[in-house]
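Here chain A shows up in two complexes: once beside chain B, once beside chain C.
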Partner chain A sequence: MNAIVAIDTSIYAQRAAEFFSFRYAFALEALGASILVGAICALVGTFLVLRGMSLIGDATGHATLPGVCVAFLLVGAKSMGALLAGALVSALAAALLIGVISRGPRTRPDAAIGIVLSVFFGFGIVLLSYIQNSPTGAQSGLGGFLFGNAAGISRDQLIALLATSLGLGALVGVFYRPLKLTVFDEGFARSIGIPTSLVQMALLSALAVCVVISIQAVGVVLVAAMLIIPPSAALFLSKRLGHVLLFAMLVGAVSGALGAFLSYMAEGVATGPAMVLVAAALFLGALFFGPRGGVVPSWVRRASSARAIAARRGG
Partner chain B sequence: MSEAVLCVTDLTVYYGDELALDSVGFSLTGGKLIGVVGPNGAGKSTMIKAIVGSILPNRGKVEVFGSTAKRALRRITYVPQRGSVDWDFPVTVRDVVAQGRYAHLGLFRRFTTVDRDLVERSLELVGLVQLAERQIGELSGGQQQRVFLARALAQQGDIYLMDEPFAGVDAATESAIVEVLRSLRDEGKTVLVVHHDLSTLREYFEELVLINRKLIAHGPTDKVFTPDLLQRTYGGKLAVFSNKDTTLVSA
Partner chain C sequence: MLSWLVDPWTWGAWMWRGMLSVTLVAVACAVLGVFLYLRRMSLVADALAHVALPGIVAAFLISGSLSAPVMLFGAALTGLLATVGIETLSRRPNIRPDAAIGIVFTAMFAAGVILLSTRVQDAHIDTHCLLFGDVLGVSDRSIWLLAFVTPLVLVLVAVFYRWLSASSFDPGFAKSLGIPVAAVHYGLMTAVSLTTVASFEAVGAILVIALIIVPAATAHRLSDRLHLMLAFAVAHGVVSATVGMYVAIWIDSSAAGAIVVTGGLIYAAVFLFGPRHGLVFSPGRHCGQGLGPEASSINALEG
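The block that comes next holds the complex of A and B.
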C-alpha cells in the first residue's frame, strides 16, 4: 500500500515538473485552450443563466455530436473545420427546434429541451458507434469530442479559438447595454426601441458558436457545466453585472487552467471532467463564502443582528 | 381643448386565437392624471404594452403629438409591473435608474454630467438616495416600485404609462408615488395609470378609461365613474352601493 503511494507521488511530481517546464507544445496549447474556453463559456453563460436559459446551453452542447459525426462521414477524413461546421449546423438546428416545439400546443419548454437534447445526442452516439467500428473511423479520435481532449488541440486551432473568443468578447462589449437590458427587463427594453427578439437570436447564435469552439477541449457532454457553473459561482460574489461577468470569466479560466493541469497529471482523465470538478469546487467555495448570499456571511449577519437586538433589549 | 398628446386608434391584440383587446381607441391631452380601470383579464396591461411597443398589436395606431415616428414614440415612458423582472438580478438601484437614460444614449455614448444629474435627481424625488448602492432585491416592494418610477423620471418622457404602480405597496409609499405623479401632471405631462382600488379613483384621477377588452368609456371622472358604467365594465361582478354623496363600490 505504502509502496503504491510512493510510486504514484513520484510520477505525479515528475509530471508536474514536465507540465510547468512548458517544454511541451501540446501541454501549453492544451493549457491555453482550456483557459480560453473556460473564460468565453463563462462570459456567454452569464447572460444565459440570468435569462433562465441554462438548459438550452446543455441541449446545444449535446446537439453538436450528430453534426460532428455527419460532417466526418461526408468529408471522409478528419478535417477540423468541417467537423466544427457540422457541429454549428446541428447546434443551431437544435436551438431552432426547441423554439418550434415549445411554441406548439401542450409541450412545455423544459420538456422540449429534454426531447431535443436526448434525441440529438442519441443520434450522435449511434453515428459515433458506427464510425468507431469502421476501419477508418477507429483512429479518427472523434471519441475525444465526448468528454474533451485539450491535448489534441493544434497551434492553428488554438489561434482560431483565440480569434473567435476575442470576436465574441468584442460583440458582448459593443452590445452590452441592449444585452443587459433585454435580459433584465425585456418589456422596458422594447419600449425604448431595443429589438429584443434580435438580441435573443444573437445570444443564441453566440451560444452556438461558443459551444462549438469549446467541445474539443471540454466535450459535448460537459460543455454546459462550463456555461452554467462559473456564472452561478460569480453571482455570489458581486451585485453588479460587470463584476459578475469578470468573476465568472476568472472562475472559468482558473477551472480551465487547473483542469488542463489535472488532466495532464492523471493520464487518461479527459480535460472536460477535470475542468468541471475544479469549477464545482470553486462554486462550493462561493456558495459558502460568497459575500452576496453565501452561507457563512449570511449566517454571520443573522447572528450579529440577533446579538444587536438582544443587546438593545438588555439595555 | 388643447391638442392631443397621445392618440390611440383601433388598437387590437390577439393572444393566439383569443381576442385580448378589441379595437380600443381614445385620445389624451397633456397635464392629466388618467386612471385605467377594468376587471382582471380586461386587457389593461395588454393595452399599456401595445401602446409602449412592448408587444406588437395585430391592428391599430399609436400617435404621439400627431406623429407615429419612432422618435415621437420614444417620448412614451413605460413603468412595467413590478413582478415582470427578476429582482435577484445583479444590478444596483442606481444602475436601474440609469437605464432610463439608455433610450437617449444608444449603444456607445457615455453618461454625461447631465445624465448623471438626472439619475441623482430622480433618486431624490422618490427618496431612494440612501439606498442607491443596494442590490435591488434587498428593497421592499414599495421601494422597488419607486425604483421603477425613478427610472421613468430619469427617462424624461412626456407621457408616462404605468402598470399597477400601487400593487403590493404600503399606504405611505402610495401617497409618495401619488405626490410624484401629481407634480408630473403639474409640469404638463400625461400620466396613465392602471389602478385597482376603486375607492381612491376619484381622489387620484381627473379622467378615467374604463375597459373590458373593448373601450367602455373615457372621460372626466365625474362623468364616467357611475354605477351604470362600472356595472358594464365589470360585467355584473360588482356591488355598487349608492347614497347621496358617495358611491361605495366593491369588486
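The block that comes next holds the complex of A and C.
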C-alpha cells in the first residue's frame, strides 16, 4: 500500500515538474488558453450576472453544439475555423430566440431559456450521434467540445484567442460608460439617450463570441460556470464595478491556470470541470471571507455592534 | 405502406422496452413540469437534473452498488442539498437567484463529471449513457425503476392535487388555508429528483430537462385551466416520445435527442399556429385581449 502511494506521488511530482518546466509546447498553450478563457469569460460574465442574465449564458453555451456539428457535416473535415463559425451562428440564433420567445405573451422568461437550451442541445446530440455513427465521423474528436480539452489547442488558435480576447476587452473599455449605466439603471440610461436595446444586443453578441472562443478549453456544458462563478465571487470583494471586473478576471484567470494544471496532473480529468471546481472553491472563499457581505465579516460586524449597543446600555 | 410504422416493433424486444421507458419518463416529467412551470421554477429542474449525476456517482462510490434504492437516495440527497444551497445563496444580498442556480449546479455537476472520469473505472457506469441516455439499450433495472416512480408520482400528484395547485398559483393564500407550503415545495423538489434519476438511463441528465420544461410551456400556450394544461403536457410528452423514437430509428441517431427535437418542433408549431395565442392565426389577440379571467389572474401573480 505504502509503495503504491509512493509511486503515485512520485508520478505526480514528475508530472508537476514536467508541467512547470514548460518543455512541452502544448502544456504551455493549454495554460495560456485556459488563463485567457477564464479572464474573458469573467469580463463578459460580470455584465451578464449584474443584468440578471446569468442563465442565458448557460443556454448560449449549450446551444453552440448543433452549430459545431452542422459545420462539421458541411465542411466534412475538422477545420476549427468552420466549426467555430458554426458555433457562433447557433449561439447568436439561440440568444435571439430566447428574446423572441420570452417577449411572447404566454411563455415565462425562465422557461424560454430552458426551452432553447434543451432543444438546441438535443439537436446537437442528435447530430453528434449521427456523426459518430457514420464511418467518417468516429474519429472526429467532436466529443472534446462537450467538456473541453485545452491540450488540443494549437499555437495559431491561441493567437486567435488572444486577439479576440483583446478585441472584446477593448470594446468593453470603449463602451464602458453606456454598459455600466445600462446594467445598473436601464431607465435612467435610456432617459439620457443611451440606446439600451442596442447595448443589450451588443452584450448578447459579446456573450456569443466569448462562449465560442471558450468552448475548446472548457466545453459547451460548463462554459456557463466560468461566466457566472468568478463575477459572483468578485461581488463579495468590492462594490465598484471597475474593481469587480478586475477581481472577476483575476479569479477567472487563476481558475483557468490551476484548472489546466490539475487536468494535466490527473489522468482523465477534462479541463472544463477542473477549472469550474477551482472557481467554485475560490467562490466559497469569497462567500465566507469577502469584505462585502461575506459570511464571517458580516457576523463579526453584527457581533461587535451588538457588543457596542450592550456597552452603551450598560454605561 | 405502414410497414415503416410496424416494422420496428417486430425487430426485437428493444423497441417495446424503449418505447415503454420513454413513455413512462415523458408522463412523469410532463406532470411535474407543469407545476414547476407555474411556480416559475423551470430552471430549478435544469439544476436538479444536473446534480443528480454527482449524487448517483457518490452513492456508487460509497456503497459500491448501483441498485435502484442507492441511486435514488444519492440523487435525492444531492437534489435537496442543491435546493437548500440555491436558497441559501439567493438570500444573500449580492447574489441574484439565477446566479445562485448557475453557481450551485455547475459546480456540483463539474464535481460529478470529475468523479465519474477518475474514480469510476467500472463498466457499469458509462459516462456517455448517463449524460445522454441510451433508450434502445435500457436495462431491466431502469424499466422497473420507472415502473415504480412514474405511478408513484402520478398518485402523489393526485392525492396532493389541491395543495399543489393552490401553492403553485398563490403561495400566500395557500399558507392562509393552512397548507404546509414549504413541505409541498420540498416534496415537489424530491419528486423531480427521483424522476430525473429514474429517467437517467433512458434519456440522460441533460435532455431530461427538455422533457420537463417544453411540455408545460406548450400546454400553457394552449390552455389556462390546470387540468387541461396537465392533459396537454402529457399528450405533448407522449407524442414527442413516440415520434422521436421513430425518427431516431430512421436516421440512426440518439433517441433522446430526437425526442427533444420533436418536442421542440411541436412547441414551435404551437407558438406560431396555436388556436388562441399563436402568433400567426390570432390577429390582434396576442396583446392580452384574448386572455380569459383565469389567465389574467395568472398574469397578475407573475408580476
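The rule is simple: the second predicted complex is superposed on the first by the 313 of 315 C-alpha atoms of A that agree within 3 Å, B and C clash if a C-alpha of one lies under 4 Å from a C-alpha of the other, contacts with A are read in each partner's own complex, and residues count from 1 in each chain.
Here, contacts are C-beta pairs under 8 Å (C-beta built on N, C-alpha and C of every residue); 3 or more make two chains touch, one makes a residue touch a chain.
Keep in mind the model is a prediction, meaning the values are calculated, not measured.
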item	value
Partner chain(s) touched by A:292 [first = chain B, second = chain C, both, neither]	both
Which superposed partner A:65 touches (first chain B, second chain C, both, neither)	neither
Which of chain B and chain C A:254 touches, first, second, both or neither	neither
Chain B versus chain C as contact partner of A:178, first or second or both or neither	first
Which superposed partner A:266 touches (first chain B, second chain C, both, neither)	second
Contacts of A:241 with chain B and chain C, given as first, second, both or neither	first
Contacts of A:95 with chain B and chain C, given as first, second, both or neither	neither
Partner chain in contact with A:187 - chain B first, chain C second, else both or neither	first
Partner chain in contact with A:133 - chain B first, chain C second, else both or neither	second
Larger contact residue set on chain A - chain B or chain C	C
Intersection of the chain A residues that touch chain B with those that touch chain C	52, 235, 292
Contact footprint of chain B on chain A as seen in their complex	50, 52, 174-175, 177-178, 180-181, 183-188, 190-193, 235, 238-241, 243-244, 292
Interfacial residue positions of chain A with respect to chain C in the complex	49, 52-55, 57-58, 62, 101, 104-108, 110-115, 117-119, 121-130, 133, 146-147, 221-222, 224-225, 227-229, 232, 235-236, 266-270, 272-274, 276-277, 279-280, 283, 287, 292-293
Chain B - residues contacting chain A, complex	49, 52-55, 70, 73-74, 76-78, 80, 84-86, 89-92, 95-96, 99, 102-103, 105, 107-108, 134-135, 151, 155
Chain C residues touching chain A - in the complex, by the definition given at the top	37, 40-43, 45-46, 89, 92-96, 98-99, 101-103, 106-107, 109-111, 113-114, 117-118, 131-132, 206-207, 209-210, 213-214, 216-217, 220-221, 248, 251-254, 256-261, 263-264, 267, 271, 277, 279, 286-288, 291, 302
